[in-house]
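Scroll down for the structure; my scribbles are underneath it.
We just call them A, B, C and D in the order they show up, numbering each chain from 1.
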């Protein structure tokens, strides 16, 4: 009864208001685009300098000059606009995006986000635009499995991985439940195949 | 969120509150959103702070708003002009407050407001009366003055064309302050000469993406 | 034998290197454009957002959307580019203009410039782009009469008028002489109908 | 000063000194000035600091420059990629220095370098390891970290078309870092697919005015 990544993406898409300007992070968040209603008027931003980004380009239509933040060839929708990196990140940092959807290693109960570095001393640090998105978008939605492969919770009292942003996450979409992070509390919005009590136990967190 | 294509300039300025900070585009008359200002005069908001390069010309537009006593304070680079007599009179009689800001600092402070920059160090004006008493800092052997962002509750700008997503293009030197002001206000209203179909503007030539624009009216 | 403003403008024009990017301030400095050789490749900047500005527009060709910093209708040359105010002043502040030519009330022997405010308590302060140009251009040339109407020198030991910029002036072009300001000294380059000794006496300044 | 239209990429990178800071445009391969980088490899300058979004892909371009041991330090936002094995190996064996910078901060620091801004306060990265030990400041209730400008001795960028004044237009998302890097280096070399007659570009659509460009080569 837990959700797969497509079902999670559909839940996120459902919560994106019509006409919103949205950035979908690299990886699973890009799946959200498949679930946006064609008439929603949602406009996608890609941090490498474009608004009104369309779906991935079919192989034979790939244009090396038209890629998304994950360096995947994409397409252009009517009403598109291109801009340079300083303008693109001014848009992000200045709070003009309505929503961004990001993956995460960990989210804390106060909305801290860890999604850029495992803390492994051997790992090569690489942050990209994650920190700019985390602090910039009006609403930050995280999409992740609730537990890591080793069974440890990813919604935690305090992140143990290096932070991407402090107190920036508003909602968390997982395979087992969706949450609202208010800063003061974590509120369970929906659960999938698990009770709130069970969830609270497994996470060892007070939930509302 | 989505732009609203308005039928009238009145719709485009509806809801402006007393005491608002209003960014007004234009350099002289180029890019001046004359019809939006006229609509704001009709609309009635008062106690305004106006941020603009100039402080009104002749009897119309910004000058007319000033003449009605609706502006508490002007932040601008160049109030004094051959035909700025309405402002001049208000200023000399102590009925309006003035903050003079170097033109590039004005533009950059508005940009900072739109770009989420908390403050920045500028070399402009250092050692002049406009930097007196202000925080300065030596960086790499040069002295800079700390400048703070400017944001508006409302921006009124003049552009050339809009599509139905609110993407804007400008015309020649009428571009001036419009693009930065559009990034720095809670409510951005643009008057344009024409609203075209979405897809009719060259995506490489869009200057203000629709994300920044709330209301558009063709005048 | 002293120079009129057209002759001063011609001297300034002679010293502008071929291919330079130049901003001509409001008023007399705009006359410099008339003396630039057509093949000089000098590109004019106007602070209200344009490069490759052409001459003033004849009355019937005036376009209200195409004006210079003095709000005079101008024309566009091939290769023109338009940009917004933040970009235009980034260009100035960032040191990308080779030369700007400004008028002045006073210039000090160390290159301080006063050209925006007479200090008259009744005057309405208005600075425009003067401070940005003063500190931004690689070379700042001042064009002015050497003495005010009341006979007082305008090249002075220290400015008494409010400053526009500190130590920013490189050259001064006047009706009686041209000067280089090194910071340590004022060097007379040429005189017009007056000897260097006479100049030094009238200015009450040591000159080289 | 005037742009030089070069016949070869070698001419466009002539004179780059050992120890230079080189800004390299591109995001992934889009806008990457591959031929200019190859020419720089031929040219021979070493001990370079490279400022770029990534740290090379595969065996060509930036990766090839790194492979030759010519780069002392990389300043970038995202070195680690599926095919960044050349950088990865240099980094793990301690043969290259890395400064990781959030992508927007990287772009804004370069913009500041080109715009004469001495430093600026950014909210990005506050409370994270990338801001550790750095100067912070509370402004209007929010915490910001102080960021300093980045400038280059050289910028190598990829654009779409140039006219003979060096005015540049870009193509789609290949625009990325080119326009800001062009403002922030002492010597700016652009590779383009075509040099067109002056007057052939739309003045409203020029992204990088020729004032910023020193050398252009069609590749």
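Following the convention adopted for this analysis, a residue touches a chain if its C-beta (ideal position, glycine included) is under 8 Å from a C-beta of that chain, and two chains touch if they have at least 3 such contacts.
From a predicted model like this one, the values you see are computed outputs, not experimental measurements.
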| item | value |
| --- | --- |
| Neighbouring chains shared between chain B and chain C, ordered by label | D |
| Chain B and chain A - chains in contact with each | D |
| Reference chain C; chain at largest CA-centroid distance | A |
| More contacts between chains, A-D or C-D | A-D |
| Centroid spacing, where centroids are CA-atom means, of chain C and chain D in whole angstrom | 34 |
| Between chain D and chain B, distance of the C-alpha-averaged centres to the nearest whole Å | 32 |
| Mean-CA-position distance for chain C and chain A (Å) | 53 |
| Centre-of-Cα separation between chain D and chain A, whole angstrom | 28 |
| Shared interface positions of chain D, touching two or more other chains | 108, 111, 115-117, 122-123, 170-172, 203-204, 207 |
| Shared-contact residues (touching 2 or more other chains) in chain A | 76, 82-83, 90, 92-93, 136 |
| Arrangement of touching chains [line / ring / star / complete / other] | other |
| Pairs of chains in contact (touch as defined earlier), listed by label | A-B, A-D, B-C, B-D, C-D |
| Complex contact set, residues of chain D against chain C | 1-2, 111, 113-117, 163-165, 167, 183-184, 198-199, 201, 203-204, 206, 209-212 |
| Chain D residues touching chain A - in the complex, by the definition given at the top | 27-31, 53, 77-81, 87-88, 91-92, 98, 100-108, 110-111, 122-130, 170-180, 207 |
| Contact footprint of chain B on chain D as seen in their complex | 108, 112, 115-123, 137, 139-140, 142, 144, 148, 169-172, 202-205, 207 |
| Touching residues on chain C, where the partner in the complex is chain D | 17-21, 41, 43, 45, 51-52, 76, 78-83, 90-98, 136 |
| Residue numbers on chain C that touch chain B, as the complex places them | 46-50, 63-68, 71, 76, 82-86, 88-90, 92-93, 112, 117, 122-132, 135-136, 162-166 |
